[in-house]
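My questions all concern the structure below.
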Amino acid sequence: MDKIQLGEFIKSIDPDLEIKDGKQFTEVLVPSSKLHSLATQLKEKEEAQFDYLFCLSGVDYGHDLGVVYHLRSTIFNHVVVLKTRTSERENPQLDSVSDLWKTADFHEREVYDLLGIKFTNHPDLRRLFLDNSWGFPLRKDYVDDINIVTK
Amino acid sequence: MLFDIVSANSAPLPSEPWWRVFYDFSSLTQSINTSLNDAMSPFWTTVTEMLIIGVLFLLFYAVVGLFLVYAERKVCAFMQNRLGPNRVGPFGIFQTIADLVKLLFVELIPIKNADSFLFNLAPFIVIIAGFMALAAIPFAMGLHAIDLNIGVLYVIAVSAMGVIGVLLAGWSSNNKYSLIGAMRSGAQIVSYELSVGLSIITIVILAGSMQLSEIVEAQRAGWFIFRGHIPAFIAFIIFLISSTAETNRGPFDLAEAESELTAGYHTEYSGIKFAFFFLAEYMNMFIVASIAATVFLGGWMPFHVGNWVGFNIIMDFIPPFFWYIGKTFFVIFLMMWFKWTFPRLRIDQLLTLEWKFLLPINLVNVLIMAFIVLMGWHF
Amino acid sequence: MRSIINYLKEIVFGVWSLMKGMKVTGSYFFRPGTIVTQKYPNNRKDLVMFDRFKGEVVMPHNEKNEHKCTGCGICEINCPNGSIEIISKSIVTEDGKKKRAIDKHIYRLGMCTFCALCVKTCPSNAIAFAQGFEHAVFNRALLIKTLNKPGSQLMKGVE
Amino acid sequence: MEEKVKNITTDEQQEYVINMGPQHPSTHGVLRLVVSLKGEIVKNVQPHIGYIHRGIEKMCESITYPQIIHLTDRMDYLSAHINNEAVCLSVEKALEVDIPDRVKVIRTIMSELTRIQSHQLWWASFGMDLGGLTCFFYGLRDREKILDIFEETCGSRMIVSYNCPGGLMYDIHPNFQKRVKDFIKYFRKILPEYDQLLTGNVIFHERSKGIGKLSLKDAISYGITGPSGRASGFSCDVRKHEPYSAYDRIIFKEILFTEGDTYHRYVARIEEMWESMNIIEQLIDNIPDGPFAVKMKPIIKLPEGEYYQRVETARGELGVYIISDGNKNPYRVKFRSPNFVNLSVLNQIASGFKIADLVAIGGSLDLVIPDIDR
């Protein structure tokens, strides 16, 4: 499927979703509540088969915290980008997709470690790189006067 | 007393060629023995002789150990396109001495939860096993500390004692890696003892004796590896493999598998205690190599070819001790070659190799050898 | 019967494969000419590094103790980890104009990652890479270098 | 850190837990594996990482695009050039700069040289993991030849910093072509020796065949890319699927196996070295003339938006995800590093095998720890 077909296909799953035709990939803005069900359908529907999650990145959008999922189908070779956000900064929670793609296990632990987004239903959500005394360094409001020196 | 046994067994016969009289060490040992006997009572004579031998072996042990470490480093370096030690002294020959001096001065780190008595005992057991095995080895004509009539059996039995030291070291260090290494080593040596024994028995059948000096003497007409047809050669190969395994070396160094268990059973040792293990490894290698040289390659017996009189006379000029050392180092070189070529086996594969391949082949081999000897088909 | 043949085959092929490996190591053992070890401190005199080798940043001076650095600070901006610091002063040129000039070009070798951005972006080619690589010192302070020599001046004609 | 250890010992007190690393000869760096054993058999492997976490993604947010190059160098230091290429390609794509053919060809040649030297080092250390120490020296000896080529052209040996947005830092050295051709001639003779020493060896076969099997389904689900993924049959070669630089104009085959065990991960890399030599041979004589870089603005500002660029490093797919807000610094940079993802499969494929196999499996995944930690 090319970009337009892909957009239409996602519309057919859930017409409420906001689809953006990005420069490279089709981008879908998903509300955090719908994320897991959409991901399941994208993975399991015959004509989509997004079986390869090749990148999962957490982003601090300033006010919101978000996660970006880059999905690719190894059969049809099409790519879709899912973006989800949460405006909660104190205790951000998103659904884990590690039951669909096992690679999400480590990626989500990384996002939890660096951005503090908690993933519900994650099998083993521990900090990955840093120990518990650290804050969440990839957040824009993270302050560390000792280790981060900017000119 | 000890020298009495020595001289009684290898006294030169009147019909011997000149070199056998010339190069025979028993006249020297005999004269020492008589002069000591003249000076003191038989008891003190024995004690003095034991002391002399002890000191000589200690020196020998240190020199051979240090040399072997150096040789190994040079051999592996050349196989790996390197120069090896080349800083201390010409061609780095004093490198190992420098290392030893360093090890002597290194702090002995006390291990908090180790069983300190066994921990300290283990290196000595390993060293003692090596020393005891050294006693029965004929270095040259008439040059051995003690010539037991079951020499082969004695050497096998005593050299296997080192595994107790390894097991104790692994267990008492209270280190998980060490324990795994020690257990591996135990399993390994228990099974490979069989092959070592059986492959030597193949030759014992051919020689008709277990006395090392007689085995050497029986090879005057030709080394057993040539005289025993294919079975002797197969026995030699099996002996090489299993003795490499028994000394925890080469592709069988599972007990100290560096990439898996850091240093295995001697992970927690430091300083001179580590040096003991280190030297013992090389000394064990020397001992099994000298057994291989004695049993299969004719010990100190020169190389003779049938009726080539001129060639044989030239070979006779070379002193027996050099023959012995040359053969031993040849075997050691083979073992080093193995070590620096092959990847390591896994523990189950190691045992499979022994029980599924070496042991059956060995048993068949013994049978064939016995048949050959019965029929008188050997040379 | 077949299983016995397979068993023997396995042994023969196994031994053969091991012999091939031994041939490789053995052949190198008897060819000392293939040794690649460099006797480094001994061959120091005739050891020539490649002319592009990034050993350290230097500021070439000519025989009149002049350099090309105008003190513009572009290298300082481009350095990703702050290993360059430009301390400039203002001088009065011959024709009476006030001008910015370099006072000290401070280069912290210990922080440098040799990315070559400073050398590449320098508009007047004032700094370059030298081939020296023996940088070990006992005092970290010695790794902070002043690149312009004392009393040096801007080369004529460089703006 | 303390807390992590405590959790594991209380949960599985019955098991024999050993700590492989951070200082362990077979983890090739500061990777710590908490291994639960039952006898010699591995029950569970928990990787603990972060010992050299430098926060490269955070650092990227405060520096300019050309300066990112010197950080990507230090992620996967064995494919430094390819990492740089990923950043440069995404910047060039964002600015819609046309890159001269000469740059594309040189980048491809350098990438393939990088791949060969990385695989050589991997072969060396993999041999050492299995106990064949001689492999280590042969691998490094041949790698030195490539590093010399790098040193002559780029000025440094490993962390080359040769790419920059818009092209290359400097033109290739006049000796470059001759040296590369000499190397290919030499290495074509040497590579069969690797096979004699290790590939054909019966002990090696025993150690690697059927060990650490990774099925195609798991490979895709875990996202295992690079030679490790291709050994399981996962066609993931970015050079084929999304050709960048000069990969669209050369003929090469993607090495694919279906077995997915340690042995085939090994063979895939050996085959890749042959294939890389083929690629270089196709290009080395036809480097087109032209400028070695496009003149870029002194301060590069990416237009607002998101850019994703994938490249094939020696270990798998590296993704660079840049979010720009129009400033000279990126808003967010995410590196999807292949080693980080490849590490996640270790528990899956190593449990049930012996501790010696764990070392072999870890070696065959070819992990570079700085790339995991970033």
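Think of it as A, B, C and D in the order they're written, each chain with its own count starting at 1.
Keep this in mind: contacts are C-beta pairs under 8 Å (C-beta built on N, C-alpha and C of every residue); 3 or more make two chains touch, one makes a residue touch a chain.
Since this is a predicted model, take the numbers as computed values, not measurements.
Two chain pairs, B-C and C-D, are compared here, and C-D has more C-beta pairs in contact (counted per touch definition above).
In this assembly, the chain whose C-alpha centre lies farthest from chain C is B. Note on chain placement: the centre of chain B and the centre of chain C lie 51 Å apart, centres being C-alpha means. The mean-CA centres of chain A and chain B are about 65 angstrom from one another, to the nearest whole unit.
Centroids built from CA atoms put chain D at 24 Å from chain C. Mean C-alpha positions place chain A and chain C at a centre distance of 41 Å.
For chain B, residues touching at least two other chains, in rising order: 79-82, 340-342. Residue numbers of chain A whose C-beta contacts span two or more other chains: none are found. Across the assembly, chain C contributes residues 18, 21, 24-25, 36 that each touch 2 or more other chains. By the document's touch criterion, interfaces exist between A-D, B-C, B-D, C-D. On the side of chain D, the complex with chain C involves touching residues 63, 66-67, 69-71, 73-74, 134, 141, 144, 151-156, 159, 161, 164, 169-170, 173, 193, 196-198, 200-203, 205, 298.
On the side of chain D, the complex with chain A involves touching residues 1, 3-4, 49-50, 53, 55, 57-58, 62, 218, 220-223, 234-236, 241, 305-308, 310, 317, 319, 321, 323, 332, 334, 336, 340-341, 343-345, 348, 373.
By the touch criterion stated above, chain B contacts chain D in their complex at residues 76, 79-82, 176-177, 180, 251, 253-254, 257-260, 262, 340-349. Remark: chain C residues 13-14, 17-18, 20-21, 23-25, 36, 49-50, 52-54, 78, 80-81, 113-117, 120-121, 129 touch chain D in the complex.
Chain A meets chain D in the complex at residues 22-25, 27, 51-55, 57, 59-60, 68, 70, 74, 77, 101-103, 105-107, 110, 114, 126, 128-132, 137-138, 148, 150.
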